[in-house]
């Protein structure tokens, strides 16, 4: 009877070997990381208690502090995020046009634009902020440029992708009328990517609100400066107020972006 | 009203849009004046930038041991926080999916996930540094929270998009709730879950190079120290290493995600 | 009613279903079906045929009434007892409802999920007898070489064959089929009906099939139930189904 029974396995032996290999490498990597990372056991055991202690010291938040500087810093953060997004577009649009292979026919220029976009994306906004603080000195100007330079890569990449996906028909038709290249792009390509364009702008603005809140930690302006001061002076009730303010502005930005996006599409 | 020759204007003016445009330009000018962004400042900055770039070149790799040490710690932070985040996100995602879990549970879980996402990981890292001390542990904790927020949210959304017909068919066989999830839901979302996890590992690699700036371990600490000491050639070396690693990770995870599809 | 005396087969008494309070989809269905043979339910779309079938295996909660399968009332069952009842009832769906990213074999074996433990299901450690039975069914539905293909690689007719095999894998006491041929071309539809009637006849499982196509119903069923507006308005063998019945069930006459 048993000889008649057919066997069934979910995977072929090779697939099973592959799976085990992947599982094993993941486990090995984790074990390696766990064994050699410098975690002090006393800290680990202590952590929940310390976190609770911190939360207790944060409560109740010093809400009166909001009018004594937090508000101004919050508005500055909003300015940094908005201007940073705007500036990033000024540089990202030409780079996106150069990077899109159906708009710019030169392979060299494509690769060059891509390289600049990748570099911009690979450096975090906080690192950009460190660089611009070294260039402009501490303050909101450094923050604005940090946000702008981090956003160029993101915006440029998405715009270039949107450009590469447009249908070539309208461009061809406009070129056939004898229109100059710039007019072809304005009247043939722009209408096709306009929804994507505004979508990217809103998306990045939302991210930049979050990012600009931390730039002050390295002296690049905004609410992060106030947060850093409060933390350094162990004024935890003020820290709580600032965190609430950040939380609320982030949530409001997200709601605004979702609403506007729904109307765009 | 109808007496106006509407057809004669090919491009009727869009007054609301014009108004928005004018307001936006006005805001931009106002904000620039508030932030003290002037041309004079910009041109001074340009001069500083060229000096800065000149001091960065050539990058100085003589302290490569310090660099490697920081980089390895960053990778370890990224690996551990991704693993913890993925493990925690799996049940949370199931609990947050409105087509699976009862409403009070989804509301509670969604609130928790939203909380995890709302604060920037660097801020979370500072809080952990202050609470549990300097070092990699704070970085791991901060990035774990960020990972949970990201993966659990997308995972819950993916579950809510599954075809309920397949789920219904499995339920009709008399399978229990766990088996329904295992056969009806997970096969539909497994590849997307893996995709989210890989993406998060990728971003944790980037972010783990940064949490060191606030003392939460990894190469960020080395970088920040170099900045403070104006060791700009070492800064250049660190930045180039970080960019190379991120670029490599992006290529590898892009390949894996393409293969999963 | 005398139906109470029936200990085998399916007995439905006073079945009422309303999705929205006050809007009755099923208006008190009374029905007794023997423990074998093929029953076809015909009627216009939206008349409650699907709801009736789904009430039987409780994918839809009945509002009132009793459903007795071989003497056991299914309506009050909850949790584990409900799952035990469901695994006695196989179901074939209009759009096949296969788990598309699983292989054909895994789909068929999912018919055993009511029998095996969670761990067995997870690790795919099904009893050898189940696997043997799955291969037999795969042969029986005419897909002997498709075991390791993924379900989304199959054609509509092939998918429905897998759907039938999955339902029969449960070794059901009753098979429900909800418009099993509506998504298929006419020839495949006949093949699927032949397959289903043949397999249920050979295993002695009664089959209830919702069907749009009156000709298929006449050809394959021993008994036809005509529904309209949530009530049964015809019940009898196919020979007695006349034009005036169809007019009454579907309304109008131009189409006849």
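Just so it is clear, A, B and C label the chains in written order, and each chain counts residues from 1 on its own.
Everything that follows uses one rule, which is that a residue touches a chain if its C-beta (ideal position, glycine included) is under 8 Å from a C-beta of that chain, and two chains touch if they have at least 3 such contacts.
Fair warning: this is a prediction, and the values are worked out from it, not measured in the lab.
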{"item": "Contact graph of the chains (line, ring, star, complete, other)", "value": "complete"}
{"item": "Interface with more contacting C-beta pairs, comparing A-B to B-C", "value": "A-B"}
{"item": "Per Cα centroids, the chain farthest from chain C", "value": "A"}
{"item": "Interchain centroid distance [CA atoms averaged], chain A/chain C, Å", "value": "52"}
{"item": "Chain A-chain B separation of Cα centroids, rounded to whole Å", "value": "6"}
{"item": "Geometric centre distance via CA averages, chain C-chain B, whole Å", "value": "48"}
{"item": "Multi-partner residues of chain C (at least 2 other chains)", "value": "106"}
{"item": "List of chain C residues in touch with chain A within their complex", "value": "103, 105-106, 124, 126, 128-129, 131-132, 134-135, 147"}
{"item": "Contact footprint of chain C on chain A as seen in their complex", "value": "2, 4-10"}
{"item": "Sites on chain A touched by chain B in the complex", "value": "26, 29-30, 32-34, 36-40, 43-44, 46-47, 50-51, 53-54, 76, 79-80, 82-83, 86, 118-119, 122-124, 126-127, 130-131, 134-136, 139-141, 144, 210-211, 213-214, 217-218, 221, 227, 231, 243, 246-247, 250-251"}
{"item": "In the complex with chain B, residue positions of chain C that touch it", "value": "57, 59, 80, 83-91, 93, 95, 97-102, 106, 110-114, 118, 121-122, 163, 166-167, 170"}
{"item": "Parts of chain B lying in touch with chain A, wherever the complex brings them together", "value": "27-28, 31-32, 34-37, 41, 45, 48-49, 52, 72-73, 75-77, 79-80, 83, 118-120, 122-123, 126-128, 130-133, 135-137, 140-141, 206-207, 209-210, 213-214, 217, 223-224, 227, 232, 239, 242-243, 246-247"}
